[in-house]
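Some structures to go through are shown next.
Heads up, the next two complexes both have subunit A, just with different partners, subunit B and then subunit C.
What follows is the complex of A and B.
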């Protein structure tokens, strides 16, 4: 098991390194010159030259990459050439906001998906089961930002139950924070919950057909008890895989949702930094998102070995 | 399933496309003695010597930093850190007499040494104000409060330029820290700036001009216009500046809790015509474009009828403004005739449009009017500012574009052939040169002649003067209605009662 985890760690590091090359390369070919953006319509060729030098853009790309990656390895994200502030100072508080949003969104997704999926599976040939199944089908079709706009229209503009946007830091009042968190978390969570519910349903349907469940029922357990006792743990493995993918989708969805709800998170910062071509910051944010996704996968891989003893033996 | 970084970036870029507008978040509720101002575009940092963007001097100049002179709300030159000046006979030496007893907010005295330091550093600026003052050859300290400024040639624009960011007096030795700290002599000091979000200023209690009228000014930046107006409506802001969407104004106009100020800026919405390309080097084609597009119709759609008509790159607040009739009034028939004369009826026009909403609406009207005279207009939206700057501004790869030019006295930009217009006319250059270096009495008439000649040459279409729309809560006074220079002067802003009328909310 230790070897398996070490191997996964190695894969994690190699993937992260490969991702850093991709991120750096892609961002260097994005049109638009950071020095030009910094100087705007007042730029003269001499001033541009001086600005490029000041921003370190006169260095060749491999040198810039090497400097960046060496910094990253020591946890140093560098200094933004645009704001001339350490990148980490702008990034860290916003990362907290985004993680809170993602956590809440994923929480909503799970709360929606697990009961909905199980009910839809147990009653899959009955009208109400079909209804829940159809409901999740509808949810799959709605993108998170549209859900956000619809929720704002109904609950903020018409009913005035929740604010239409904005954010409160956790220190400034929990109740207020929850009010601001409700709609964005719902917009992220409902859609993903609907997607996830379909996996829960099919996964539960699959285990219902397994021999061991028939054996359990032959021992005298009712179908539902047999499912609860022996089926759900097995059904959880594919659901866990999908949840990990979903978590990354929620993370990316948060980037858009932050715009819709005027939330000062990482996504909002990313879009602002793209506008000003603050490449040190953009690289750092994208890399943090990449690392988060890789980390989620690493954790899920490790969780498999815990949930499924068979994987432990194979390793 | 394995994570796919490329899919991630694609998703992030999709997010950029989906969200048409940027946002910032309100953080503050006004406390007593505090005035919260909601603005649009935010400063990228605090250093206007190396970063462009009108937002930086708008927030800092006169409020935190002070320059030698000042342009008041009517565009008139007033003394600020220079109390008086004497110009030598040959007009090459300006002796500046500095205000005494002025200190920087950290207690360092503001003296001749600081002025010399600041003016000598102008050639290190990478932004425009440094270049505007390149005529300054050297400076010399006469005594603690007197400085001689020597010019390489007489310049009638010198004092105006010294009233802008270029005339700022910085604390000696601060050049490496300007992006994140701002130590000035003004009535407010910067307490903190979270880029893109909130700029907090506190009163400078030792201000030479007496105690500032507010204890704190909090500037909240909203790239999303609905969020900006919502902040006003919900009490999250006391003043909303430079409202970008005039259509949102109506909800304030009938509400006694608010005052709506309609002011002017020196931002001109222009349609540059790329004279480097055929057939736009033909005056008749450019004239046709002027006749074909109705600036008032554009203004009606893009600015809800606010703002003012223009027929040259001179706002009414400039001394050389001329209210002569438009040489090329809206006349589609004449446009068709001119195009026929020039043999350009089947012209295909490459119209590059910056991605901001105001340019999109402006471009729709412009394109439809150009199509009405039979032109084949192909519009292409470019991400603003980065891609637009690269392709249009530096790359000159366009036939026409639209852009709001906001620098004061920006008509002189036509003298730079590398500028977006690509305008070259030796006769115009000669007039401008005489205006700047000749007899001061001829300065204003010659500048007027220059601006009119540029307009007669149809170097661009001058669509409209952009409005400066401000909404303030009724208990706030001292709100400047206009943006005459590069600074937005908040030094008179005060609350009339101690009562905070804003309610909770967000």
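What follows is the complex of A and C.
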């Protein structure tokens, strides 16, 4: 088991390294001269040359990559050419905001999906089961930003229950934070929850057909108890796989949702930095997002090992 | 979930109390143990439901006019079946005959979409048809329990085995407390003769073999000493030798507990070896029932006879069964001694259970006698047929007198070349196939697994060679080499004159591999899985013809199909439109379309019903003869190989352990493993003669 986890850790590091090469290369070939961005279009060629040298842009690409990746490893994301601030200072607080948003969104998704999917599976040949199934089908068709706009229209504009946007820091009062978190988390989570519910449903339907569930019933367990005790953990394995993919989708979806709800998160920062051609920051943000996705997958892999004894000893 | 059954208190229909069922479907063999008074559990309910014809002890299971209907129509057409306490009844039939539906109805485990009617009582209960889920929940696992066909999937893969056994007791509160339940679970695992029960109880299912898992399922089923055990093809998925052990064990444990057994199988020999009485099902009806020997020797229904003929490949039973059945049972009156198996653990425990067996059996045998007065002697060994087989097998030549292994030919450089031939079509020398685990594998066992271990043999052109052995013995690995789907890691092998790997380790190139694959065709085990469901038969059969012009390919496909007995109208249909036997014929046509020299048949009939099994075997034999094919026939079933092959090679643990002419090996097995295999193979004739 330990070997398996170590191996997954190794895979994580290698993938992260490979991803960093891709990110670096892509952003290097994007047109635009960081020195020019820093000094403005009116700068003299001599000043530009000096600026390039100061920024290390005269170095060959591999050397620049090496410097970047070494910095990355020590938490140094470089200095923004536009704001002259360390990138990390801008990035860190916004990362916290986005992670909170993503976590809340995924939480909503799971809270919606797991019961909805299980009920839809248990009652799959009854009218209400079909209703739940149809409900999740509807959810699948709605994109997150549209759900966000609808939620704002209903709950912020008409009912005035929640603010239509904005954000407060966690330190400024939990109640206020939750009020600001509610609508964006719902718009992220409801749609993903609807998608996930379909997977939960089919996964539960699959385990319902498993022989060991029949064995459990032959022992005297009621169908629902057999499902709860023997089925759900087995059903969780494929759901976990989909959840990992969904978490990634939620993370990317947060970029858009932050715009809809005017939240100063990582996505908002990313769009802003692209506007100002602050490539140093863009590169750092993209890399952080990539690392987050890889980390999610690493955690899911470790969870597999915990859930499934068969994986603990297999290669 | 479902409302209380309104029919619960309905008195039984007078006409169905005993004797003939509706439509004269079957004789019910109601026990007439009139004198004995056996109140049993729930006698109050029974008195209410009791009929004048059945005073005294209630049957363990009583089924009256059971009908099961699905969306597409009725599947079980009003069957009657009764099982006396302690009686072992077999339910025989092919797939689709309704035998499993019958079994599942008893425990209320039918699919929700099926509707049931009639009457079912277990150990004197009220009529359970339409009973609530809660009512069934109280019966399942306590009064009646079940063992299923597929041990590999019957256990929860994420839960420790001990917990799964303990759960049965905890659900019903038959043992107080978790600790006590776990202690009892370990005891039960010991009773089903699993080695090192404390360790096994902490294992997960994937760490156990199929036979071990089936023992665990048996432990679960017997945990609360049920009055009835229902076993649905419990050994079909197991190797023969394991099957024999599990059958013995099941018979012994059921006997110890005085439980009744309803044993469902398509295999007549297996059913005959473990039950007292059989009922034959066909198309949802019981067409014949009675004591095993009577049904098997004096079949009244043509279907029973057909089944018997199909099962009796050697022709031993139908030829002399009538006289044979009368010949005494001296062979096995050694009797109630506990069956000796390789896995029996702890002499003390077994001895203790023996006395229990004897006393439990004593009380029961008398009533059994009354019921089956036509049986000369009450059956005394649980699985007489299986065990008795060892006696005649050893008779012709005492084991140990001849050479330990049989092989034809010289010992060249100290190695044994099995089945050596002058000009072999397949020539293998010192062939090994090692599988290596990955460097990062966390498996604690050896890094290397020997799929094939130094195997040398010849197969001459036109020979029909059977390859037998248990799962994991290397049969599949060997045929993978012969079909050029894999290459040995050492040794040399030559197929139809083309070298797959020579002694220096040079391996065949792409062209040669292709040439070998043209010469070697394979028929797969599962005709359902080995045909692409989205391809028409025409495409399936013509697919191996690579580089053949379309018109010619079509012609040859039609030709191949007609040679397996399928008409041209089959060409444009899809696999799902055919029965299992027909699908296997399509598979054979596909194998023959390239006009190969060598036909490899990998358990081609093990997934088929008994009645078509014989036809498909005969077809393969006939086609092999007509086309002068060299046949390599893989099977775990010695009797099938005996039916079709002139030579046999026995494999065990990646090695060939014995080879020779089939009859010779069969009548005089030299290697211990061959003897074990032959002894374990259920044999109809032995069942009847030993009974």
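Note that the second predicted complex is superposed on the first by the 284 of 315 C-alpha atoms of A that agree within 3 Å, B and C clash if a C-alpha of one lies under 4 Å from a C-alpha of the other, contacts with A are read in each partner's own complex, and residues count from 1 in each chain.
Here, a contact is a pair of C-beta atoms (placed from the backbone, for glycine too) under 8 Å apart; a residue touches a chain by one contact, two chains touch by 3 or more.
Predicted model, so just to flag it, every value in this text is computed and none were measured.
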{"item": "Contacts of A:310 with subunit B and subunit C, given as first, second, both or neither", "value": "second"}
{"item": "Which superposed partner A:17 touches (first subunit B, second subunit C, both, neither)", "value": "neither"}
{"item": "First, second, both or neither for A:9, with subunit B first and subunit C second", "value": "neither"}
{"item": "Subunit B versus subunit C as contact partner of A:262, first or second or both or neither", "value": "first"}
{"item": "Greater residue coverage of subunit A in the superposed arrangement, subunit B or subunit C", "value": "B"}
{"item": "Touching partner for A:92 - first (subunit B), second (subunit C), both, neither", "value": "neither"}
{"item": "Contacts of A:221 with subunit B and subunit C, given as first, second, both or neither", "value": "second"}
{"item": "Touching partner for A:233 - first (subunit B), second (subunit C), both, neither", "value": "second"}
{"item": "Shared subunit A contacts, counted only where both subunit B and subunit C touch the same residue", "value": "none"}
{"item": "Subunit C-touching residues of subunit A, taken from the complex the two chains share", "value": "1, 3-4, 7, 125, 210-212, 214-223, 229-230, 233-234, 307-310, 313-315"}
{"item": "In the complex, subunit B residues that touch subunit A", "value": "1-3, 5-6, 8-9, 11-12, 15-16, 18-19, 21-26, 44-45, 47, 50-53, 125-128, 130-131, 179-180, 194-197, 222-224, 227, 230, 383, 385-387, 389-391, 393-394, 403, 405, 407, 418, 420, 505-506"}
{"item": "Sites on subunit C touched by subunit A in the complex", "value": "107, 109, 112-113, 133-134, 137-142, 145-146, 148, 150, 153-159, 167-168, 171-172, 204, 206, 217, 220-221, 437-438, 440-444"}
{"item": "Of all residues in subunit A, those that touch subunit B in their complex", "value": "15, 19, 22-23, 26, 31-33, 36-45, 47-48, 50-51, 54, 82-85, 90, 145, 163-168, 180, 241, 244-245, 248, 252, 255-256, 259-260, 262-264, 267-272, 274-278, 286, 289-290, 293-294, 296-297"}
